[in-house]
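Next up: some structures, all given as structure tokens.
Paired with chain B in one complex and with chain C in the other, chain A is shared by the two complexes that follow.
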Partner chain A sequence: MSRPPTSAWRKSALPGAGSGVIWVNAVVQGILLGGLYALFACGLSLMFGVMRVVNLAHGDFAVLAAYLALAVITGLHIPVLWSALVVAPLFAVVGYLVQRFIIQRSLDVSPLTTLLVTFGLSIVIQNALLTTLSANSQSLPSGSLASASVQVNGQLSIGYVSAIVFATSVVVVGALQLFLSRTGLGRQVRAASDDQEAASIVGVNVRHVYGIAAAIAFATVALAGIAFGMYSSFDPAAGPQRLIFAFEAVVIGGMGSLWGTLVGGIILGVAQVLGAQVDAGFGVLAGHLVFLAVLALRPSGLIPARIT
Partner chain B sequence: MSVASAAAPPLRVTRSRRSAAWSAVLGVAAVVLLASLPYVVHTNITGLLVNVFILLALATMWNLLAGYAGLISVGQQAYVGVGAYVVLVLAGDGLNPYLAIPFAALGALVVAVPTSFLVLRLRNEYFAIATWVVAESFRLIVLHFPSLGGGTGANLSGLGGIDPVLRQALTYWSALAVVVAAILGAYLLLRSRFGLDLTAIRDNEIGARSVGVRIARAKRIVYLVAAAGAGAVGSLLIISQLNVQAGSIFNVQWSAYMIFVALIGGVGSIEGPIIGTLIFFFLQQSLADRGAWYLIILGGIAVIMAMYLPRGLWGLIGDRFDLKLFPVGYWMHRGPAPAGRETE
Partner chain C sequence: MIGANGAGKSTLMRTIAGLHAPLAGTIRLDGQDITRVPAHKRVAAGIVLVPEGRRLFASLTLEENLKVGATRARRGRWNLGRVYELFPWMIERRERPTAFLSGGEQQAVAIGRALMANPRILLLDELSLGLAPVVVHRLYDILPELLASGMTVLLVEQDVTQALRVSDWAHCLLEGRITLSGRPHDLAPADVEAAYFGLAEKRASGRG
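Up next is the complex of A and B:
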């Protein structure tokens, strides 16, 4: 639970390099790690922006997706990236059902109930994974991808995995933003988010639209889970930490703003890597401190919301 | 109706009635009985009851936070940890660990003051996750101090010279004292004028604000009380386990336990956590050889309860039989007071 996904960037901090280059390297690796956090966070950001729901089981669903991907990869003998084609659509269905049958029902009771219910789900998923799959940590077999990297110069190299994850994250955030601003369904999502009653008067099926938003969010959770599994090892208890990082990215960037979430993820990633550069045990704490500072000084986040 | 009411006897308002008097008698009897257990039963049973008391005290405090002040915290383990480490440090300096329990509560309260100024500015989901991040930060900070045992944990000193049976009995009495203090404290708090504020906040925060309830102050007081309670529980944990490890004392699992117990028993009543704790331990003991299954089942029940029965089992029982063991509200009666039975 306490282990940050450090293995990917630690490798590239070569011993004996000049101190300036080490810091440049740390910032670059932090930005790339931020891509992973942003990918984790954009589903959370979308669900909060549209439904005002924070899914506390977000990280556990990502871990579940990683386990599913592992089963798909070993069962179908396909490369790791292809597993997304199976797991992401499956998760979209799961997301729709979870929204319609669990989250919507809790929303109808009270907004605070969604926190309690998703927290309960989180514990149930963790312990279900623990009892069925043991506490052993796993990782996704990424084959030659895992060690491949682009050598920028003598001291700076960029791993394929981090580059792919970062690019995916930018593409996902951009696609979500385009979907919300340019498509008819996206307009319905924004309408349902702005004013449920007015949206239903003009013919929007709000509950269905919320389900769609959750389906999209869960598909991104699946991608994040797979990316996480390629970055570092995971175990049944890894979810809460992912949720915290995702939430931190969302809050730092500004709740409900997708590009803000990307920026927030990058700030969190850089803070963690720079913190770890100062002292190996200080990385995650540095991220927490940045988050708490943002909450204390600028609770609306660094970038104002634009989804709604 | 107006004619009838003119002729009707005057209304009387009381807080207690016979069921409450009975529950007071039963409560005292239960505490006396429980206090005598170490003389009667094996330490296995008192050991189990220590865990029951720990959970009940935690759930009672969480219920004050969530059930009355509307504060959903998933970070109470922060203060459980602070309490445990205060005992560790004081015992290292030579203080008897049992005497350190009040200091653990005090230490948690002191730490909660600055924290409250950060987290109480936040609402709902922000508050929930901020409290969690605070707990995680405390854990990471403790890991930086080798004198506190770092990641591997530290052993409590100062109890080695005590006979194990006596030690078990002292631990048991301490846990009983903490849980009685927690429940009695919550009861007296809710019966006070301040409890009226809290109940108003529970029922309608905006309405409460509009009639002059000082919401921020009320929430801060509840947050500090809950932190002190969690700190006392943390001291019980280190005393009963004789060691402390940052990863487990600051684990979010503690919050999961409190939340499940309160949700199943019933949020917003003192009786709820008691019922919830009994169910928790019944399930845990009967599924003891099936690993984490009890948590899966408890979590599932808690989720379903939150969605379909938000006031929990006690809400169901209390309404059905019009029963209150801890009367914090008021009853209205028609008719003259029966002689000698005026309870207020």
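Up next is the complex of A and C:
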């Protein structure tokens, strides 16, 4: 049973507080939770938008990043946020290599093969983690950060962790968008995504550019993995359950659109928190229902743009 | 390079540009074997293709399409300003996607994109395909300027008269083989017709 990280929203409803405040609080916490989903989903969105690759191991790489962060934190005795400075660049390198040497090879065979290969990667990562690190669940020690929050007013408080994650998510999506639309390399990425062959005859090294896109996607996966690890505990099998949330965010927002993914993540987060407000067990289901409604009524998503 | 449909003209162009690997033989540039050099590196070596069907990038604006052409640009006279000098109408529409342009305008963008790389050898594949004759004429008008700058242009054209009018040297291709070569003014129309439709080939090989 997959559950959203429960520490994401702290019901700050005081006894006797108006019910309106409770709902406002739920929406705010939902938006913040949506930031986590968007941060997690934007790598999936980028890889799909640029290479048409659906990375089924996306969630497992996030879990792997969380384990790596744990090792870095305990090994180097640094605070949780600093671990991102080590894990994200490392994951960028991993992403480039995985793209060039594993995904690209399957992409050359057929797009369907990439599904099989990334599914295989997912199983390999899960089992490698299971055999080496056991099935015990872990969490990232975020120290005083975990319980610290800003009191907006009497009824509404915002946790540091969720605020930092949300801000990171907006910055990452904004930076990615700027990179794609304003830089020469971003232009090459879009050209390679539009038409591989035409890109190669204007001088774009398509495989290298795809590797760069994967490197960026994996760096965001690392950030998301660490964020998840701060929100809640993780274990080797946690990846696929989380992947569902990323898929839902991407589909709600519109395949391959980065701002759409941010919006999709936020809508999913709000739906889950509002659902949980109605009934504690209804949260995840409410998210799925919104996802299904969008899939039925607007299959191309709310912002059906290509990566531009 | 003239020849009927299916003669192998586009395949030849794509092979020179590096999009197809030849089954046999070698491709040489200045005596250097470039058969195994990938397409994007051939651009840096000076071989640039304007592909059949133009193949502009749909999610890029007109100017971005030109700029991406300079990804591996050699040093030379062509840059954004020069391309805009050649096609002044582009300046006004530089921020727009190319999907809204007419076929002739799109072809001009494709040529401009190729020029941005400062090619030594410009491969023009089916420049006139699907374009009105007056538009084709305007595109051909820029050829002398390109040739004057020392650029070699390899032109594939189905319109034989048009091709022979602008070229220094003509080859006729049939079923992947050159059936006739020569300077356009040395070629008799009857010979060209025979080579084009395969009469000469069949006569020569004794299969006719």
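Note that the second predicted complex is superposed on the first by the 297 of 308 C-alpha atoms of A that agree within 3 Å, B and C clash if a C-alpha of one lies under 4 Å from a C-alpha of the other, contacts with A are read in each partner's own complex, and residues count from 1 in each chain.
Going forward, a residue touches a chain if its C-beta (ideal position, glycine included) is under 8 Å from a C-beta of that chain, and two chains touch if they have at least 3 such contacts.
What you see is a predicted model, and the numbers here were worked out from it, not measured in a lab.
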*asked:* On the A-aligned overlay, A:E197 touches which partner chain: chain B = first, chain C = second, or both, or neither?
replied: second
*In the superposed arrangement, does A:T113 touch chain B (first), chain C (second), both or neither?*
first
_In the overlaid three-chain picture, which partner chain does A:L176 touch, first (chain B) or second (chain C), both, or neither?_
neither
*Check the residue A:L295 against both partner chains and state whether it touches chain B (first), chain C (second), both, or neither.*
first
*Name the contact category of A:Q188: first (chain B only), second (chain C only), both, or neither.*
second
*Scan A:N205 for contacts with chain B and chain C and give back first, second, both or neither.*
second
*For chain A, which residues count as touching chain B in their complex?*
1-2, 48, 54, 56, 102, 105-106, 109-113, 115-117, 119-121, 123-124, 127-128, 130-131, 240, 243-244, 247-248, 251, 281, 284-285, 288-289, 291-292, 295-296, 299
*Residues on chain C engaged by chain A in the complex (per definition of touch)*: 17-19, 38-40, 43-44, 48-49, 51, 55-60, 64, 67-69, 71-73, 113-114, 117
*asked:* Help me check something: in the complex, which residues belonging to chain B touch chain A?
replied: 66, 70, 72, 74, 118, 121-122, 124-126, 128-130, 132-134, 136-137, 139-141, 143-144, 247, 252-253, 255-256, 259-260, 263, 290-293, 295-296, 299-300, 302-303, 306-307, 310
*Could you pull out which chain A residues touch chain C in their complex?*
184, 187-188, 190-191, 193-195, 197-206, 306-308
